[in-house]
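Structures for review follow.
Consider the two complexes below, in which chain A is the common component and chain B and chain C are the respective partners.
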Partner chain A sequence: MNKQELRAQYEYRRRKSAEGMRLQLISFGLMAFLTIISFLAVGYGLPKSFVVPILLLLASVQALFQLYYFMHASEKGHGMVMFFMYSAMFVAFITVLCYMTIIWW
Partner chain B sequence: MSTIAVRKSFLSTVWEYLTTVDHKKIAHLYLGAGGFFFLLGGLEALFIRIQLMKPQNNFVNEQLFNELMTMHGTTMIFLAAMPLLFAYMNAVVPLQIGARDVAFPFLNALGFWLFFWGGIFLNLSWFLGGAPDAGWTSYASLSLASEGHGIDFYTLGIQISGFGTLMSGINFLATIITMRAPGMSFMRMPLFTWTTFIASSLILMAFPPLTISVFYLIFDRLFNSAIFDVTLGGNTIIWEHFFWIFGHPEVYILILPAFGIFSEIIPTFSRKRLFGYSSMVFATILIGFLGFMVWAHHMFTTGLGNVANAIFAVATMAIAVPTGIKIFNWLLTMWGGSIKITVPMIWALGFIPSFVMGGVTGVMQGIAPLDYQLHDTYFIVAHFHYVIIGGVVFAIFAAAHFYWPKMFGKMLSEKLGYVTFAFFFVGFHMTFFVQHFLGLMGMPRRVATFLPGQGLDLYNFISSLGAILMTIGVIVLLVNIVITSMSKQQVANDPWGDGRTIEWALPSPPPYYNFKQLPLVRGQDTWWLEKMEGNKELPPAEPLQDIHMPKGSILPFFIALGLFIAGFGAMYNPLNQVGDGHPMGTVVLIFGLAMTFGTMLLRSLRDDLGYYIPKEELEDDDAKGGKVS
Partner chain C sequence: MNLLEQKFTPETWPEHPETYTQEGKNKFIGFWLFLAGETVLFASLFATYLALKDSVPNSDHALAADIYSLELVFIMTAILLTSSLTSVYAIYHMRNYNFKQMQLWFFITVLLGLSFLALEIYEFTHYVYEYSFTFGSSAFSSAYYTLVGTHGAHVCFGLGWITALIIRNQKRGLNLYNAPKYYVASLYWHFIDLVWVFIFSVVYLMGMLG
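Coming up: the complex of A and B.
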């Protein structure tokens, strides 16, 4: 590999990681913002039936941020891992749903 | 180290098996231990049928009957069927994907020893004050009221062996994802590897609920908690849900590898590629998914409400679709093939109608209103024996004959194999076919006896006779195994002559490093492809080089033994519900756990880097005629 190619590769990697860094910072900011919203929602004493779904929604958004921006789930070679993760989430969701609806009512 | 056989002393063989991390030897261990528990469970079944042979029989009393019935179910599911399937997975899957071992050989050995000590723990209950007596489902409302330590043997034993199963499941997932030979893409994997893969992912997701609920039960009975105790504010229904969230995927954990075994046998002896390979793969995945959405069909009569019952009923019936796809694919594989009847093939031919019968009664029970009639009757007993014996046990017997040459280098006798099949197949249908009618007549399951003159006498008698025929079949198989082991035959790589997948390209049994050079996989049914092009061996994917091998270790044995000891400590701790606790119990508990975690620590601190088989030695093997690759 000659000097020029090395240089180009270095530049490419630098740009890539700079981009990754920017996305991480943005999502970090967003996550902090979402956390503030949830605290405010609880703090202002809004009705429970409103706050709980909002909290669940924000929590799942945060989980997705975590997976995709910090754990790089969207990058190549993560397909199998993500498949298993979503399968397990699905199974857990059905279980919890069932417990919420027919056991603890 | 040469591959030329050296006669070893008995003790050195024992030591070799205690310390082995080789998947082929672990397969032997699983086969031996699983086979032992299979005979034990079979004996219990025989006692049950002798007791029910005539009305008001008193061969065993009610308590002993409950214990026999519970231990039969528990042993057969956890200690016989699953380990026997693990035996074939260990023996075959790494070879089928072109790997030198599983991803974590140490973990593989640990998985076996956990299962082994858990099984021994459970069965020691017979000698230590009575076996568990609340059925294999051990519903909390009943098991909390059970006197004596039976249920504690159940919970602790299942917990220990459950850890082992979970580890083995994770191990196979990692192996199949990461260790496939060059060219072995997912859609070129043999079906047995595919079903092992899906069954392992079911293990990964289904065993944690079991672990949790069994821990709850352990704590309720031994440490004074009240998770299931309604009088103290607990909820007994949680056990039922947790158990079946595990329990329903569990039956697919059993049946999917069985499907895989038949998907290997049928194309081999039809000498035709598997019909609808990709639909088979997707049907397997779909069954895996649906398996998690139907558990409440075991609980229709618990009072879930109409909406829940309807949802679970529909989901249950949906499973018949992918299963039906599989059945038709097997039939169409045979259609137009040049079928050769052998012992494995005859088991496969027996499997299809038997399993379909079990499947049809399964859909009947999926109809929630009808299930109110069928629930807890012999109809249920007939159904699940039709699917588990007609599916899983047939597959285990078929695979025993099919893979015996690959595992031990010797062919089981074909003649005795047919005798086994004839007795077992006839006995099986005799035992369980009539039980459908017993159930429809209203005979409840799990009862120690029945009254005369209610029209139940004749069918129960026929059923018991069938059990004796099945016993004869199994004894013939044992004789067959003994005779074969004593014989001096040595079979070639591909003893059936029609092997399709990679394992048949290797010597029987394969050398301890499996592949001298990892093979290049050029398509589905890899070995068949090469044979058709006139090649005598698989093309190598790498130059001949040093092979890295894991070292054997005794540590897995001690990690598992520690939990076994801790189990006794937990059972006799001062807080236990039975009231025979002793302060020493706590000491034993701590000692056992210290042993387990200490051994784990030892393993973590001591670097075990394995060893290399030098290239020269591998070349040497060639020169001596031990041709491999």
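Coming up: the complex of A and C.
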């Protein structure tokens, strides 16, 4: 590759990664927003049966943002590692369900 | 010349330096497998906490809703979420082959992590002295301290790890030998924030609801 091509490719990459960083900032803004909603829902003393599902939903959405944007899982080559993570989440779900139903005291 | 020690320019630096070498690919896949294991570890601690929440021997003992403070947890959450963003910036600069900026953003991440840790230490001592809420006082307190304490230990370890990387590579600069190291350290840091999302939602916010 000659110098000019290298330079053009470099500038293209810089623009692409700047665009990626913009997406990261947007996801940070959304995560901050979801966090504030969670705290407000509890702070305003809304009924528990209404707030708990919202908290769990917002936490899950935030976790996905963290995984797919901050931890770059939306980039290529993350198929196998996300398979690990989803298997772990499945085991995690079963574990929590089991402990909460089997322990009654 | 050895690929690991080769000097690059921003133009010749690979787009994904963290997985460019076989070593980097192995670290990447191995580290994610470790994080999956960590997910299961934290799941068992969350499960224990949820099963034993507010299980106290008698009414003299403080319950979750009596001790948690919304303001403190909100500040801790804001600090940790911001530190997650600063380590994203560090990796952004790593991919652009900007060593100085990467070191700077990782340093900011460490500072934020330290302030989080300081608040957590304050929180625990406050519980112990104000409410006699110690590790051994009830099934609830043991489950609480084990879950939140394990997370705190991860923060501690992550701080030591990132600090070691910053100091150790100060003179070396960025190359394909240390790029994967920085990358997995940032994954670890994000994972700590991911676990905290569930701690503040499930432990603190749901705890405040009684």
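By our rule, the second predicted complex is superposed on the first by the 102 of 105 C-alpha atoms of A that agree within 3 Å, B and C clash if a C-alpha of one lies under 4 Å from a C-alpha of the other, contacts with A are read in each partner's own complex, and residues count from 1 in each chain.
Please note the rule applied: a contact is a pair of C-beta atoms (placed from the backbone, for glycine too) under 8 Å apart; a residue touches a chain by one contact, two chains touch by 3 or more.
Predicted model, so just to flag it, every value in this text is computed and none were measured.
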{"item": "Overlay on chain A: chain C relative to chain B, clash or fit", "value": "fit"}
{"item": "First (chain B), second (chain C), both or neither touched by A:50", "value": "neither"}
{"item": "Between chain B and chain C, more extensive residue contact with chain A", "value": "C"}
{"item": "A:42 touches, of chain B and chain C: first, second, both or neither?", "value": "second"}
{"item": "Partner chain in contact with A:66 - chain B first, chain C second, else both or neither", "value": "second"}
{"item": "Partner chain in contact with A:21 - chain B first, chain C second, else both or neither", "value": "second"}
{"item": "Angle at the Cα centre of chain A, taken between the Cα centres of chain B and chain C once the superposition is applied, in steps of 10 degrees", "value": "70"}
{"item": "Partner chain in contact with A:33 - chain B first, chain C second, else both or neither", "value": "neither"}
{"item": "Which superposed partner A:103 touches (first chain B, second chain C, both, neither)", "value": "both"}
{"item": "Which superposed partner A:87 touches (first chain B, second chain C, both, neither)", "value": "both"}
{"item": "Shortest span in Å between Cα atoms of chain B and of chain C, once chain A is used as the common reference", "value": "5"}
{"item": "Chain C-contacting residues of chain A that also contact chain B", "value": "80, 84, 87-88, 91, 95, 98-99, 102-103"}
{"item": "Touching residues on chain A, where the partner in the complex is chain B", "value": "80, 84, 87-88, 90-91, 94-95, 98-99, 101-104"}
{"item": "Residues of chain B touching chain A in the complex", "value": "177, 201, 204-205, 209, 235, 237-238, 241, 245, 289, 292-293, 296, 304-305, 308"}
{"item": "Touching residues on chain A, where the partner in the complex is chain C", "value": "6-7, 9-10, 13-14, 17, 20-21, 24-25, 28, 31-32, 35, 38-39, 41-43, 48, 51-52, 55-56, 58-59, 62-63, 66-67, 70-72, 75, 77, 80-81, 84-85, 87-89, 91-93, 95-96, 98-100, 102-103, 105"}
{"item": "Residue numbers on chain C that touch chain A, as the complex places them", "value": "10-12, 15-16, 19, 28-29, 32-33, 35-37, 39-40, 42-44, 46-48, 50-52, 55, 70, 74, 77-78, 81, 84-85, 88-89, 91-92, 95-96, 187, 190-191, 193-194, 197-198, 200-202, 205-206, 208-210"}
